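All chains are identified by letter, namely A, B and C, in their written order; residue positions are counted from 1 within each chain.
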C-alpha cells in the first residue's frame, strides 16, 4: 500500500511541475497551449544536454530554458503583436513536438543520466509517511516545494494577490499601478520554465530516456487538470495525484479489462468538461456565496480575463 | 477584399523566405546537405506515380478537414475538436463497412454519408457545449478529441477486435465492397473518389461562404457577433450550423481514411489531419481558395520527408518542423506588419 | 499644496479632447468640474490620473511638476481616482480588494490588513464585512471601499467621476458628508458631474468645460442659469423646425417598468403617434439606452405592456420585433451595427430582402451601387466598413434599413458627424414619417432635440424626469432638466 502511494507520488511529480507552471501562467491571464510540445521538447533537450554534460542537473537547466523560451515566444506574440494566444500556443505545440522527434531521433534507446535517489535520513523511518513522502529524490521533493511555494505565493503574498488581480481584471490592476503586461510576461515565462523542468523530470527521472511516446498526451492532460482543479494549486496538485492513481489502477486492472491503460488517460477530459459546465452554470459561485469560509475551496471560476489581450487604452 | 489580400501577400512571402532559411540552418545543424534534402523531399512525394497516388490519398482527408475548419473559423470558432470529428466519422464509416451488405457503389456512398453524419453529430456536441453550456469550444473540443480517441481504442481492442488476438494495430480488414474506388493510371492506383470528395468539399465551402446568404451571415457572426445580433441574425443557430458543416466534412475525411487508406479501423485513424488542418487554414488566411495548394505543400513536405529517413538518416519529422516553422513565421510576420501599419495610421491621424 | 493644471492638450486623431485647459484647485477645496458629454472632462481626469499622457502641458502639485506616465505615477504622487463604476475585483473578498496593489512587505499579513481596513473605514464612517465578495456589494458600497482604499494609500487629491449614478439617496448623503470632511482635512476633491443640484449642494468652486476648453470658472454660489449657459452654450435662435407629422396612436406603452443596472423606470405610460418623433434627453447613462433596448426587446420590461398597432409586443423577442417593423440603430456604428471586415456590397447583400439560399451578387452589386448613389456614400462597393468615415458609416446604416418600418430606434444618430452629414441623416430619417414610421432617438445635442423632436423625454439618474412637448420648451430649460433641476 505504502509502496503504491509512494510510486503514485513519484510518478506524478513531473505532472505537478507542469500544472503548477501552467496554473501560474493562466492565473495571470495567459494560456500556454503549447504544453504538449513544450513538455516533449524540454524532455528531449534535458536528456541530451545531461548526456553530453554527464550530469542530470545541466539537463534540468537546459530543459527549463527551453520551456521558458517557448513561453517567451507566446508572451511576445500575444502581448506585443496581439496574436491570439490559442493560435501561437497551438502552432508551437505542433512545432515543438516535431522538433523533439527530429533532434531526439539519434538518442532513442540511449542510456542517459538519472536523478539519484535521495531518501531523507531520520524522516524516512517514520512509519507510513516515511516511505510515502521522504524516500524519494530531489525531483519529487522539488514537486512538493513547487506546490507549497505556488500556493503560498498566490494566497499569502502581495505579489500573489496582484497576480490574481492581473488575471481577473487587468484594467483594475493597471489603474492601481500594477504593470500588467510586464508581469504577464514574467509569469508566463516562469510557468514555461516549470514546464521545462517537468519535461526533464520525465526523461531524467520518471521514465528515463528519450522516445517519442515519452510524454504522450500528458501536455494536454495537464491543461485539463489545471481547469479541473479550478486554477487552485493544491486542488490542481490533487488532480495530478488522482490521475496518477488512475494510471496505477489501470495498470493493475490490465488483466481484467485489457486495454484499459490506453483508455484511462481519457478520464481527465470528461471531468474537465463537466467542471466547465458547472462553472458556467454558476453552481460553484452560488455555493461560494452561501459558505464564505469554503469559498477558497469551492471557487472554480477561471480568471476573469483569461485569454484576453490587455491594451492600455 | 483586394486591400486585405495585398496586405497579407508581401509579409507572407517575406516570412516564407525567412522560414526556408531557418529550415536550411536546421538541416545543416542536423548534418544533412540542405539542397539535397529538399530535393529528396520532393522526390519522395512526387517521384513516381505510386508516390503521387499516395500523396493524393493523404492530401484528400487533409483538404476535407481543412475545408471544414474554414467554415468553423468563419463563425469565429476554434474547432480544436476536429480530430475527434474525423475519428467519429471514421467510426461511423467503419460500422457501415462492417454491418451493411450492399453493392460496392451503394456501400461506398453509405460510408461517406455515415462519415458525414458521425462527424457532424460529434461537432454538434462541441457546439452545444459552447452555445448552451458555456464551455469554450477549445477545451470542449479537446476533451471530445480524447473521448473519441478513447472510443476508437475501445472498439479496436474490444467489440471490433481482430479474431484471436486483440491488437492495437487495428480491426480486421473490411470487406472489399467497402473499399473506396481507385482508378488505374500509369500503373498506379489513383484515389479518384477521394480526390473528387476533396475537390467537392473545397469548392462547396468556397461557394457556401461566397455565394450564399448563409455564408455571408456566418461571416458576420464570426467577425462581429454583436452587430450580427443587431442585424437580426440568430448567432447560436449559425454557430451550430457551422459546427455541423465543419464536422460533416471532417467526418468524410474520416471515411477516406477508413475506406480509402487503412481499410480497417486503427486507433490513430485521424492521421493528425485535424490539427494539421488548423495549420493549413492559418496559413491560408482562413480562406477556402488556398487550402488546396497549401495542403498539397504540406503533404509533399511530410510525405516526402519519410525519404529523408531512408536516404539521409534524418528523422522524418523534419517535414513537420519545416511546416511548423513556416506557419509560425507567417503568423508572426503578418501580425508584425499589421501592428506597424496600425502604428503608422495612429500617428498619421494626429495633428499638432 | 495647490493642484495646477497648466495648458493641457490632448488630441485623438483630429479631435481635440483637451484644448489648452488650465485650472487651479486650492487645498481643502471641493471643486466641481461641469460639462456635458464630449466636453473633455473624462479626458482631463484620465490625464490627471495617469491613464493617458497629455500631448502638452503640465500638472503641478504643491509646486512640483509631476511626470504622469502611468497610473502608478499618479498614485505615487498622491492622486486617487474613483471611477464611475469602481474597478473592483468581483470574486475577491472585500479585504483582498482593499489590499491589492498596496505597498508593503512581500508577505501579506491579512490580520494587519483587516485591522487597517477597520481603522480607515471607522474614520470615514463606513463599515465593511471583510470576508464578503466585492460582487455582493452595492455600487455605493464599492465606492466607499475604493475611497477608503485611496485614502489609506495617502491620496492628497481625490477625483470622483460622476459618483452619484446608481447609488441611493442615503449613500449619496453619506458620500457628501465624507467629502466635506475630507476637504476640511485639507484634501483636494474634484467632483466631476453634470448634475447641477449636486454641484450646487457640494462644491465651493466650479470649472465648466465645453468642447475641450474651459469656458468658465467661479466660486459658488453661482446662479444655475449661468452654469447652464456655460455648459451648453448660448442658445442660438431655433432654426425652422419641420412640421410635425404625428398621426394617430401607433405605439402604446402602458405603465412599463424597466429595471436594469442603474436604470429604474417605473410606471411609464406613453402613447406614440405614427410619424411622431420622440427625443430622449439626458446625460449618457441616465437610462436612455436601456429604454431604447426595452422598446427593441433586447431588455425585458418588468411590468406593463408595449403595444404596436394592436399587437402586444411585450413578450416578443428582439428578432420578432424586427419582423414586426422595429429597427434599432445603436450608437456604436462599427461595434453594434456594421461588421468590420465586410464591404459595403456585403452589407447591402446582408440586408437585402429575399430568402433565397443563393445570393444574387448581381442584384447586390446593383443595390449597393444604387445605395451609394442614393445616400451619397463616399466609398466603393468593395470598401470595407471600417475604412469609411463616421458620416458614411451612418449613411450605409441608413441604406441598410428596411423599407417598411413602424418604429425606428436610434441612439445618437449624428454623433461625431459634421453638420452636412448630420443634416443629411436627418433628412433621410424624417423622410420616413409620411409612411407612418415613429421615431425615437436619444441625443446629447440639445439643439438636435429641440429641432427635430415633437416631444422630449428627459432622463436623469436612471429614470424618467419629465415628458414635455418640444415647442413649449427651450434650450435653457432643457439644460436645467438634464442637470436634474427645474428652472425657477
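To be clear about the criterion, contacts are C-beta pairs under 8 Å (C-beta built on N, C-alpha and C of every residue); 3 or more make two chains touch, one makes a residue touch a chain.
The shown structure was predicted, so the numbers you read here are calculated from the model rather than taken from an experiment.
Simply put, of A-B and A-C, more C-beta pairs touch at A-B.
The most distant chain from chain A, with centres taken as the mean of CA atoms, is C. Each chain gets one centre point, the mean of its Cα atoms, and the points for chain B and chain C are 47 Å apart. Each chain gets a centre from the mean of its Cα atoms; for chain A and chain B, those two points are 29 Å apart. As a whole-number value, the distance joining the C-alpha centres of chain A and chain C reads 45 Å. Those residues of chain A that touch chain B in the shared complex are 33, 77, 80-83, 86-88, 90-92, 94-99, 101-105, 217, 220, 223-224, 227, 258-259, 262-263, 265-266, 269-270, 272-273, 276-277, 279-281. By the touch criterion given at the top, residues 156-162, 164-165, 168-169, 171-179, 285, 288-289, 292-293, 295, 299, 301, 304, 312-313 of chain A touch chain C in their complex. Within the complex formed with chain A, the residues of chain C that make contact are 46, 49, 51-52, 70-76, 81, 83, 87-93, 96, 99-102, 104-108, 131-133, 136.
By the touch criterion stated above, chain B contacts chain A in their complex at residues 26, 30, 78, 80, 129, 133-136, 138-140, 142-144, 146-147, 149-150, 153-154, 157-158, 166, 168, 267, 275-276, 278-279, 282, 314-315, 317-321, 323-325, 327-328, 331-332, 335-336, 339. Only residues 11, 13-14, 318-319, 322, 328, 330, 334-343, 346, 349-351, 355-359, 361, 382, 384, 387, 400 of chain C touch chain B when the two sit together in their complex.
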